[in-house]
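Below is one structure, written out as structure tokens; comments come after it.
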């Protein structure tokens, strides 16, 4: 078996959750790597959409921004941003949306706005961007984030996007009919919402990671499912595809510099 | 002086009212002829927009329908119909809109919907199409219609589009800030709204037409302005341009048949 | 993913009695071949939706397929009335026809809202016009910032949208070009869709990255029907058959002439008859 | 009709102290040269509007031109924070910065509504999100047909919109191509507009009849500034200078380093400096 990093494991675990007929609203960074890895391995026909307007894009290298030229050049079509948010996202055509942020709580609510008070913040973060509506319009949401006590928190400073609210049927009470966050993939484990309470619990631990590490890296009293699996390690095929993608990306960004 | 028909006089009189910097929302038939005649004579840079989405179009021949291929081929750009009605018409970018219909009243309200009762009509007309919003969104409205007792009526069966309502400040009371119908050109004369009451009155009579003819062809007690002019007859240049346009059109439509 | 099918299969599977059907096309790209297949398969009780119903809708109405028409302008452009539409409204022949009548702006906004997944559209419309008095689907909302009263109409959500397009690729991605009308919106707003195209090609080759393209996964069925828009037209392929539009007037004026024409030219024909009108790609 | 002007003239005439200014560009086509001219001419008290404020807005804020920012995502894409933005919000340097914060969906809809001449936009948004609690410009309307509560935001109506585009013709008609963002909407929503372009050509030659084109009469000024989008990019001409975006991070972290960089690269330069980045048309 090949050596691999925890970031590689995280990306590969996220990629595996995507199906060939998914239509993904892709964010920059980890989600972009996971989605394109899925496309380059088991899901060749997956549809990738970036909020810059590019639909059905097949980048050879990963974009640094959400609107790199590569995305437009390899897309089936590129639409204006108002159309993207109206016809494509709000129109209910996206099966999987990806989110990340500075903070996430046990119900998958996410903060990417401020740390501290909104009007007098300790840290002013970039803000939600598309997140508030991605969180409610996509069929389901996958979250990809490195796990740590400062990001997996008991209480958010600000709720940028809705997860499962206060748990249970919080989404239904708000009139939201989509599934919401259905998976969190970290560098240590995979979490899924408990079907009744909707609290995220660990369902699979990556090879080499431990329950203690996960507990230590979580700001709430994290729960484990009755049956916790060990995440399948990356296959040689998955690792090679990911590394080749990353190498092409580094070369392309280096060349431009 | 050349001979000419009353239809030619009507078209030429309407064309003259258009300026080089006007942006016109053009209807099919007479308005299309008038707008293109203006473009081919004194207003070469006039912008013509057809509701099919064609912006800045310069057809060589007159279209039979609002969406003939000629319009798209000679346009600066062609937009989708929702954009046409949202960004271009409702966006307040049109300086002159043209309307016509089966019936018009003394305040320039127009009926193109039904004759008789709406639910049990004597004659079902094509309907308003763009008229309800053209009448209120364009800077001003020109009406081009052949004059007759059955079309210039005392009371409309149905008010498809707003003119000056019941006169005076009817438009303002409805919150409408555009000028509304500001000219009616017929085969006999030109009418303008009286500044106070907004009732249309005859301001110019075409050469050869008489007050008696106009009174006979109007279903209400038509008023004449204090100073009524005689419409300038078509110039040789105007007539030649219009006839050449009509000849090209006939040839083109004949060829296609 | 769109399936590439025959027209007979696509209509049989995707158009059902009682459906709300939008066959769109703004002069350009009107889906005549597909509409004729709906008539041949004798669908009943349809609600047909279109901004500018022309001869095709006249034919559907005259053949008794239709219970209700949702529209904003119904005529034979540049020629005159739709006589089958008038006969149905004025004399209930062959059966009564319910009308839901809007303005173009309302219909265009309602399609846009349907594509956007919204329940309604708002716009500045119908001020001082009588349609709001006879159509209970024209309401209003008040802008919460300015207090302005804006018109509101329900979004259009057809059961099935049927359009004709310039071309598709073998994956079922569709290119619409020229006067694009509300066709993209109609397909995106609909539950199911049929797109007939002039040709199916290996490479869609849209001329601009921003060309109007419907991805395969937004379409139910793609059908190759060369000439399928006749007597309407396809930009760069064949012109509008203006002579046919003029010739339709006397046919449609008379019930028997109409029935005879439909029998001969629709009921006893198939989509392959349209190939005679197809041009070469420019 | 757009006037073809120099950048200095266009900014002097069309951008005024206290204006609401939208310099749009969604990664692609960000109007850096024009933004730098605004800084050089030392405009004050601006409200700057943009979905994705990046380095250019960091520069405007750090140079003290700005009182208020209306935005939905403010960062250095793929790199991290905007340090001048953070310094203004967290430490009021060089002056306090008011924020009006929305989601992308809200901003996109608000531009669309602005272009459409509406006072507000409605959309399905902000459900279960905290932004509505801290932004009084997020309200709601109720659909009169379904009773659904929809989010409402005021339309965006800038005093002046500034964009960079692929090319213009000598009449001032503008072609925007590739990732078109909300630039067309920003110009149509604005009272005045400046469009910088890579080149002014004899024939606009849009590749498709449906290409994204702004007619000359919708634009106030067209200015030829080759390379004017750098370090952003122009599709088919020059790529995004990702290395510059990365290099900006340490410059912007330090107030003195920032001021020195701006003095050398903006205050003492002119739009002609951007020509070094311009590529050939592909």
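The first chain written gets the first letter, and so on, giving A, B, C and D; residue counts start at 1 in each chain.
What we mean here is this: contacts are C-beta pairs under 8 Å (C-beta built on N, C-alpha and C of every residue); 3 or more make two chains touch, one makes a residue touch a chain.
For reference, the UniProt names are A, B = Glutaconate CoA-transferase subunit B; C, D = Glutaconate CoA-transferase subunit A.
All values reported here derive from a predicted model rather than from experimental measurement.
Set side by side, B-C and A-C show the greater C-beta contact count at B-C.
Chain centres here are Cα means. That of subunit B falls 28 Å from that of subunit C. Put simply, the C-alpha centre of subunit B and that of subunit D have 40 angstrom between them. Each chain gets one centre point, the mean of its Cα atoms, and the points for subunit A and subunit B are 57 Å apart.
Taken residue by residue, subunit C touches two or more other chains at 112, 116-118, 123-124, 148, 178, 180, 185, 206, 209-212, 235, whereas all remaining positions touch fewer.
Looking at subunit A, one finds that residues 72-73, 78, 80, 86, 90 touch two or more other chains. This structure has the following touching chain pairs: A-C, A-D, B-C, B-D, C-D.
On the subunit D side of its complex with subunit A, the touching residues are 26-28, 51-52, 71-75, 77-79, 81-82, 85-86, 89-90, 101, 103-105, 108-109, 111-112, 123-131, 134, 148-149, 178-182, 184-185, 212, 233, 235, 239-243, 245.
Across the interface of their complex, subunit C is touched by residues 116-120, 122-124, 137, 139-146, 148, 150, 152, 154, 177-178, 180, 206-212, 235 of subunit D. Per the touch definition, subunit A reaches subunit C in the complex via residues 21, 23, 45, 47, 55-56, 72-73, 75-80, 86-87, 90-93. Subunit B contributes residues 28-29, 51-54, 63-69, 71-73, 78, 80-82, 84-86, 89-90, 109, 113, 118-119, 121-133, 135-137, 158-162, 165, 170-171, 174-176, 253, 256-257 to its touches with subunit C in the complex. Against subunit A, in their complex, subunit C makes its touches with residues 1, 112, 115-118, 173, 185, 188, 204, 206, 209-213, 215, 217-218.
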